[in-house]
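In the two assemblies presented below, subunit A is common to both, partnered first by subunit B and then by subunit C.
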Partner chain A sequence: MYVIPGVALLLRRRYRAGLVCLFFLTIPVLIILFRHQQLLAVFTSPSLELGVSAGYVILLFAVAYGMNASYLSGPASTSDDVGLSEWRLGLRRVIRNHRAKIGLFILFALYSIALLAPLIAPYDPTAQTNVLQARFLPPSLETGYLLGTDGFGRDLLSRIIYGARISLSIGFVAVMIAALIGTLLGILAGYFGGWIDTIIMRVVDLMLGFPRLFLILIVIAFVGPSIFWVIIVLGFTGWMGVARLVRGEVLSLKEREFILAAKALGVNTPRILIRHLLPNTLAPIIVFVTLTIGNVILIEAGLSFLGLGVQPPTPSWGNIIDLGRENLLDAWWISTFPGLAIVITVLSFNVVGDALRDAFDPKLRED
Partner chain B sequence: MDALLTVNDLKTYFFTDRGQARAVDGVSFQVDKGETLGIVGESGCGKSVTGLSIMRLIQQPPGRILSGSIRFRARELLTLPGPEMRNIRGNDISMIFQEPLTSLNPVFPCGSQIEEAIRGHEHVSKSQARQRTLGMLDMTGIPNPEYCYRAYPHHLSGGMRQRVMIAMALVCRPELLIADEPTTALDVTVQAQILRLIRNLQAQFGMTVILISHDLGVIAEMADHLLVMYAGKIVEFGSVKEVFANPLHPYTQGLLQSVPKLHQPAEKLAGIPGAVPSAENFPAGCRFHPRCPFNDGEICGREEPAFHENSTWNHTARCHYITTEGDQLVSPHGLEKRST
Partner chain C sequence: MVSYVVKRIAGIIPLLLLGLTLTFFIMRLAPGDPTTKYVNPEFDPELRQEMMQKFGLDQPLPVQYWRWLTAFLQGDFGVSFDRAQPVSNVVKRAIGNTLILSSLALGVSLLFGVLLGMLSAIKQYTRFDDLITVGALFLYSMPGFWLGLMLILLFSLVLGWLPAGGMKSVNYDYLSLGQQIWDRISHLILPVFVLAAASTATTMRYMRASMLDILRQDYIRTARAKGLPERIVYAKHAVRNALSPVVTLFGLSIPFLFSGAVIIEIVFAWPGMGRVMLTSILQRDYPVAIAVTAIVFAMVLVGNLVADILYSVVAPRIRHQTHQAS
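After this line comes the complex of A and B, so read on.
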């Protein structure tokens, strides 16, 4: 019995910790029980997406066992604050927020679906089998198409699952690029000041002066639409906010005495930037990133909807909506379900982002 | 006694929109090995800037060390290349600051910040650094070093944080410690503990201390020699005993009079009228003359007084009205007393 993570915790009456471990165990166990054939295809016909899915299954096992071990070795009560950084205290505040908990759960589910797409999608998202008979089938349990089919007879559920992969990863990677560029430039501008600051901040002003969509359209028009370029463009047009935010933080942080104290101890400049300034700006960066991912997912959907983003037949939520646009009245499900997916995703990101902000950046709290 | 640190004609100016601020304007002094030098003065008289100039930590721009020399163990600090200066900081010369509450990085446990100081200067293993950190924390009289090692700054009180700061500054056994108002932000009982700690560690390590303070009581208790600074200049210098017994400069006299005394009836506390002039426009002549009770309206506002120098005196001041009487300097205050 003790081999199963969480059971030992449950027997020790630590129900919440035990259930969390069991929850993380459920997903890989279900996959192995019901989808072992697809999973085993990793060995017979290896592909990147199957490899990623298999890796994620293993990771979930590791998380379940790792949490089990750390909960078991850790202290039973968490009232002892000693040795807890402000990070851990902040994360605890996030977890105690019920809306954030729901949001985090939904995001975890969405990213799990995206990562496990080849294992859980009922059909091939691009296969047009039986086009004439399977066109525009409404959602139903009997036909086996849970969310119906589109005009090419493709299963909508599978397309949305695969589309999640595209939309979520574009949002994530693009915002990571933006955060990286913005943080780097913001720290340099804030710390060194002078002409470095002037140049970087004028570039920020210039970039913010252009309408973002216009910039994106120009670049896409030149290089042609593709997933790669959408990520690059979204990343390189989104860093200005982070740069301003980080610069402001650094400007106030560098006057704090611990920076002077670090200098007085002979710490060199790169180390002051990376070890003393960066971790102190991380909280607002994380809040910003979380709140922006939702926005970027929306922009990507908009681009794909306009035909400038992800190109069919690769499914993305945006281009699925676009495909359903012509048949909105007689086949409502094609545009509605991916639209719902976008709404849920963006909402979850905003809820989690708000909770993170409340936990880490009390100054910005609205209430 | 040989001098550990010799500062000669140090000028540190700040160039701001409002003009040139002569924060430190031709300061010269020397500190002997093992002694404690106190620097006193009101806020804004250049005490801290002097300390930061020695460390070469003046924010640049707007600040700049214009001229002068700072010799530490026969090495000129002002022309030392950056990396070498960095190696001196924390290793040979350390500094502790006024605000223990903000002088520690909030995102790291205290222990790792002390280790950073060790590992920045010496090649030691992680476990050695840890051992030395715990040992140093123990020496600063922290009751539970293990706890403090993994505690974050927000878990500790102000006094504890100042002890951590001291541990950080002293862990590499510097020869010179510059303590910039180390006890100002602490309450009086903790203040006494911290001062005693600094003095004990000084004796243990054979360390030289420059103690910057506006608190004459602190200086009287801790220092051997005393510099009184006013408006970017040293106005009086001497051993603590002599300066307290026979203050020469009217400013020093004013400072001493403005300290409340327990054994005297509670009269209205004497203050010095006016405020320190802003560093952008110091008055001509003696910089203290607009506030000085002995201002004669002539030479005081016209000529800058020089130190009364004589190799036999180790106590001197800058004032036109100081006179010699036998082999002693006599202050204008003394003159006045005699005439009445």
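After this line comes the complex of A and C, so read on.
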């Protein structure tokens, strides 16, 4: 019995930990039971996405067994707050927030779906069978098309599942680029001050004043629509907020004793910036990143909707909605479901972001 | 006050010039020119040369820039490559249409945002407050174009209550005056609602946070302690002070109203700046694209200026600080 992670925990009446372990175990087990053909295809086809999915299945096993082992060996109770770092305290505050827990769970599920797309999508997202028979089928259990089909007879559910990869990865990568640029410039502006600060903050003001979508439209229209350029442009037009935030933090941090002490000890400047200033600005950056990923996903969807982002036949939530416009009344499901997917994703990011902000940044708390 | 305003106006002139210059060079240095869409084996290279000459594209870039800048500052935006008419003609109507849409949306979002934010702060932790905050979170997380499509589906296609797009009906000229007014309004309802939805949610969140902050202040407790009715405590003491961050937000939301309008205009087939911008970029119609971008940029700067001045009226300490600093 103890081979199954979680069971031992349940027997020892550690119900919550046990259920979490069991949950992590269920996903890969279900996949092995129902989609083993696709999983076996990893060995026959050299496709990278199948490899990633198979890797994720193994990772889930590892997480389940790892958590099981650490819970079994760890102390029975961890309720004392003594000696916990600010990070652990903050994370605990997030976990205690009910909405945030649901948001985190949904995000975990969404990223799992995106990573496991080839294993769980019922159909190939670009496969067209008999178009005349299969197109515009309404959602139903009997036909096997749970969310219906589009005008080319492609399964909408599979397209939304594959679309999740685009939206989630573009959002993440673009915001990472923005956060990197913003952090770098913000630290430089805040720490060195003077003309460096003036120039950087002038550029920030200029770019903040300009409607972001117009900038993106101009660039995309000239380099041509592609996923790569959407990511780059979203990254390079989103760093201003981070730069302001980090600059403010650094301005107040650089007069603090530990920085002065480091300077007095003769620590060189790059080391002060990276080892002493950067870690202390990390919490607001993480909050900011979570709160802006949602926004970036919305912009990406908008661009794909306008036909300037991800190009068909590659599915993305934005271009599926665009495709559904032509038959809005007769085939309402095509535009409706990807929109719902966007709302759920962005809502989860915003809820988790709000919770992180409340936990790590008491100054910004709303109530 | 006057010197503050003058100083701020003087401050935006270099920014405006810089913005115009950047726009011009980004547009011109990008690959492709307006003649490329005619390039095919049958297209005469001499004709192409003639076209380049006619549009002034054969001149060196600095010359083009200087010509364009001097003309632009005099209000001459050049001739549209694509539509063969002055850019100002194309842009003028589009600006008017966008301004109708975005100013109405801004008004609606400010009104409802402030009102709902205020009420939900006063009734903190009640069911009303929960409803408003969760609703705002939803609207805030929703793509505007999708909301627009869903509303079109419901109100235009299924129920048939409101038109699906455009500014007026085909038979507009044959309607009576009253019907004409309703026709205009009915075409505005959905786009204004969609455009206002997300910014209402943002305004509401700000207003709620700022109101909650104010309600914890000592002077509010004093006002209550001296026996003022709640209504007067809120109306006279709390709301005015809670409004100042919202005024800043007003300035910040001006660029959003233009960029948000791009997609919404396309969903609702609204003949505004967004549509002009998109088609001009796709057609490589430089004069129009540059003019639209520059005009939007100028409007944004002016909007921020207006917001700053309003802010200094609402919160005089800002003005005094800048006076002391200078």
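The working rule: the second predicted complex is superposed on the first by the 363 of 367 C-alpha atoms of A that agree within 3 Å, B and C clash if a C-alpha of one lies under 4 Å from a C-alpha of the other, contacts with A are read in each partner's own complex, and residues count from 1 in each chain.
Throughout what follows, a contact is a pair of C-beta atoms (placed from the backbone, for glycine too) under 8 Å apart; a residue touches a chain by one contact, two chains touch by 3 or more.
Quick caveat: nothing in here was measured; it's all calculated off a predicted structure.
Undergrad: Clash or fit: subunit B against subunit C, after overlaying the two structures on subunit A?
TA: Once subunit A is superposed (C-alpha atoms), there is room for both subunit B and subunit C without a clash.
Undergrad: Give one of first, second, both or neither to describe whether A:Phe305 is in contact with subunit B, with subunit C, with both, or with none.
TA: Second partner only.
Undergrad: Of the two partner chains, subunit B (first) and subunit C (second), which one does A:Thr336 touch, if any: first, second, both, or neither?
TA: In the superposition, A:Thr336 touches subunit C alone.
Undergrad: Would you sort A:Glu86 into first (subunit B), second (subunit C), both or neither based on which partner it touches?
TA: Only subunit B is touched by A:Glu86; subunit C is not.
Undergrad: Looking at the overlay, does A:Leu217 come into contact with subunit B only (first), subunit C only (second), both, or neither?
TA: After superposing on A, A:Leu217 lies in contact with subunit C but is clear of subunit B.
Undergrad: For the overlaid complexes, name the partner, subunit B or subunit C, with more touching residues on subunit A.
TA: The larger set of subunit A residues in touch belongs to C.
Undergrad: So in the superposed three-chain picture, is A:Gln128 touching just subunit B, just subunit C, both, or none of them (first/second/both/neither)?
TA: In the superposition, A:Gln128 contacts neither subunit B nor subunit C.
Undergrad: Does subunit B (first) or subunit C (second) touch A:Asn350, or do both, or does neither?
TA: second
Undergrad: Now for A:Asn327: first (subunit B), second (subunit C), both, or neither, which partner does it touch?
TA: In the superposition, A:Asn327 touches no partner, neither subunit B nor subunit C.
Undergrad: Give the angle at the C-alpha centre of subunit A formed by the C-alpha centres of subunit B and subunit C in the superposed arrangement, rounded to the nearest 10 degrees.
TA: About 90 degrees, rounded to the nearest 10.
Undergrad: What is the minimum C-alpha distance, in Å, between subunit B and subunit C after the two complexes are superposed on chain A?
TA: For subunit B and subunit C in the superposition, the minimum C-alpha gap reads 10 Å.
Undergrad: Overlap of the subunit B and subunit C footprints on subunit A, residue-wise?
TA: none
Undergrad: What part of subunit A is in contact with subunit B in the complex they form?
TA: Of all residues in subunit A, those touching subunit B are 81-87, 194, 256-258, 260-268, 271, 275-276, 279-280.
Undergrad: Please give the residue numbers of subunit A that touch subunit C in the complex, ascending.
TA: 205-206, 209-214, 217-219, 221-223, 294, 298, 301-302, 305-306, 318, 321, 324-325, 328-329, 332, 335-336, 339, 342-343, 346-347, 349-351, 366-367
Undergrad: Write out the stretch or stretches of subunit B touching subunit A in their complex.
TA: Those in contact with subunit A are residues 55, 57, 61, 83, 86-91, 94-99, 102-109, 116-117, 120-121, 147, 150-152, 154-155, 165, 168-169.
Undergrad: For subunit C, which residues are in contact with subunit A within the complex?
TA: By the definition above, subunit C touches subunit A via 15, 18-19, 23, 26-27, 30-32, 124, 137-138, 140-146, 149-150, 152-153, 157-158, 205, 208-209, 212, 255-256, 258-260, 262-263, 266, 277-278, 281-282, 289, 293, 296-297, 300-301, 304.
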